[in-house]
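In what follows, chain A forms one complex with chain B and a second complex with chain C.
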Partner chain A sequence: MSMLHTVNKSPFEKDSMNSCLRLSADGSSILLIEDGVFAAQEGTVVSDSVKEAMKSKKVYALQEDINARGVQGKVMDGIELVDYAGFVKLVTEHDKVQSWV
Partner chain B sequence: MSVTKKFLYVNRRAPYGTIYAWESLEVVLIGAAFEQDVALAFVDDGVYQLAKGQDTKGIGMKNFSPTYSALGDYDINKIYVEKESLEARGLTLEDLQHLVWEDEDEDWAEKDSIQVVTSAELADLMEQQDVVLSF
Partner chain C sequence: MKLSIQVNEGPYQHQATDSAYNFTKAAIEAGHEIFRVFFYHDGVNNGTRYTTPPQDDRNIVDRWSELSAEHDLDLVLCVAAAQRRGLVDEGEQERNKKDGNNIAPGFRISGLGQLIEAGIQSDRLVVFGD
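The block that comes next holds the complex of A and B.
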């Protein structure tokens, strides 16, 4: 069992995503929700750091929050999109959840 | 006699995650009734407010993005989007809604409302305002 990290702040506005990437262990999972989903976008100033993290961590993003913000179709390869049921499933599959609020 | 002032609304937050974007739009529409010289700037995550294709069904919140297309009818036709903010987010003008207004001095010709401006240009625009409201 590993940890699930959730990030709900925009990576362009707050440092939460960077802190999460720095302080999450290899093999852990990161779920992007709310304004955190902007980190899932291709071609941004943070895309490279997210791609680097994806070499050792699994990154998910909540489809509903992606759709609300109009960035469907801009999600980078390798990020798995989940719905609310998938969010719950991730929580049950990990032994702890850390929210980078 | 009323004096017309130049108002600039500066929008820096993404929609939905916080209430800022929605509140700004409400204030802009209320302000429009006072016949002031109104302009809107979208910088930082504020550029996402104008993103095309917003679909909020899944999050149970009102999609207020169609309201931006009504701004032209309120004589709000100066909408500045910072180029550097778009670029940092991998976005272009094509990713934003196409907002237009009708120019009554030119037989109601349809014109673009959005102008992409550089940081330096936006800094100058801010200097020219009488009132700047931040959201």
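The block that comes next holds the complex of A and C.
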């Protein structure tokens, strides 16, 4: 069973991204939305833990929220950008959705 | 696929309600059925028709009402959350002896059971909040 996790908080503001990385099962997917997209940036204090997670989990980020915050061009390799249609598709492709707020 | 959405935040407060709206719209466009949108906690503030944002800002309440009218969406406000925050429909006005009501078109007030039912009846429940 695969689960989609959404994270909407900056990892520099709240610990929910860390909790998600720690508690999500291997093979699950993580979608960064709203301020959660800051975790997608290269060269931050959380970049290494996100890269580590990407060995066993797939990480996505919402393009619209990336653009709104001007972090396009700083997104780590391996993170796939999706639009809202892609968000919907991810929801339907996974068995369950867990929102980390 | 049958989807339900839970919104826990009010309009103009946090991006959650904008994200929920964009997601709902995209899901409809992709051909999915929206079983229900349930507004909980401060999310009930999405349902007052007295909202009057500046002309150059989006009208979050009208946007939900319009989407509901176009696609027959079931927009439900949690009754306990609504009572605390002064969201009133005709039934609640009568029951609690209020001098008016403020619920926006397309919304209705009901209980938490509606959220549970949405969870059971839908293939997926997606939560937006702060």
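Quick note on the criterion: the second predicted complex is superposed on the first by the 100 of 101 C-alpha atoms of A that agree within 3 Å, B and C clash if a C-alpha of one lies under 4 Å from a C-alpha of the other, contacts with A are read in each partner's own complex, and residues count from 1 in each chain.
One rule holds in what follows: a contact is a pair of C-beta atoms (placed from the backbone, for glycine too) under 8 Å apart; a residue touches a chain by one contact, two chains touch by 3 or more.
This structure is a prediction, so every number in the text was calculated from the model and none was measured.
**Student:** On chain A, do chain B and chain C fit together or clash when superposed?
**Tutor:** With chain A as the common anchor, chain B and chain C both fit in the superposed model.
**Student:** Regarding the shared-chain residue A:Glu34, is it in contact with chain B (first), chain C (second), both, or neither?
**Tutor:** A:Glu34: touches chain B and chain C.
**Student:** Taking the superposition on A as described, I'd like to know which of chain B and chain C A:Ser16 touches: first, second, both or neither.
**Tutor:** neither
**Student:** When the two structures are overlaid on chain A, which partner does A:Asn8 contact: first (chain B), second (chain C), both, or neither?
**Tutor:** both
**Student:** Which partner does A:Val97 reach: the first (chain B), the second (chain C), both, or neither?
**Tutor:** Second partner only, chain C.
**Student:** Once the structures are superposed on A, label A:Gly70 by its partner contacts, choosing first (chain B), second (chain C), both or neither.
**Tutor:** So A:Gly70 only meets chain B here.
**Student:** Between chain B (first) and chain C (second), which does A:Ser24 come into contact with in this model arrangement: first, second, both, or neither?
**Tutor:** neither
**Student:** Looking only at contacts as defined up top, I'd like to know whether chain B or chain C touches more of chain A.
**Tutor:** Residues of chain A touched, chain B against chain C: more for B.
**Student:** Given the superposition on chain A, what is the angle at the CA centre of chain A with arms to the CA centres of chain B and chain C, as a multiple of 10 degrees?
**Tutor:** If I round to tens, I get 80 degrees.
**Student:** After lining up the shared chain so the two structures overlap, which partner does A:Val88 touch, if you call chain B first and chain C second: first, second, both or neither?
**Tutor:** second
**Student:** For the superposed arrangement, tell me the lowest C-alpha distance between chain B and chain C in Å.
**Tutor:** 5
**Student:** Of the residues on chain A, which ones does chain B touch that chain C also touches?
**Tutor:** Shared contact residues on chain A (touching chain B in one complex, chain C in the other): 8, 34-35, 64-65, 83-84.
**Student:** Name, in rising order, each residue of chain A that touches chain B in their complex.
**Tutor:** Where chain A meets chain B, its residues are 8-10, 12-13, 34-35, 38, 41-45, 47, 63-65, 67-72, 74, 83-84.
**Student:** Show which residues of chain B lie in contact with chain A when the two form their complex.
**Tutor:** 13-18, 44-45, 48, 51-59, 61, 63, 65, 88-90, 95
**Student:** Mind pulling up the chain A residues that touch chain C in the complex?
**Tutor:** 6, 8, 33-35, 64-65, 83-85, 87-89, 91-92, 96-97, 99, 101
**Student:** Which residues of chain C touch chain A in their complex?
**Tutor:** These residues of chain C touch chain A: 1, 3, 8, 15-16, 19, 22-23, 25-27, 29-30, 32, 123-130.
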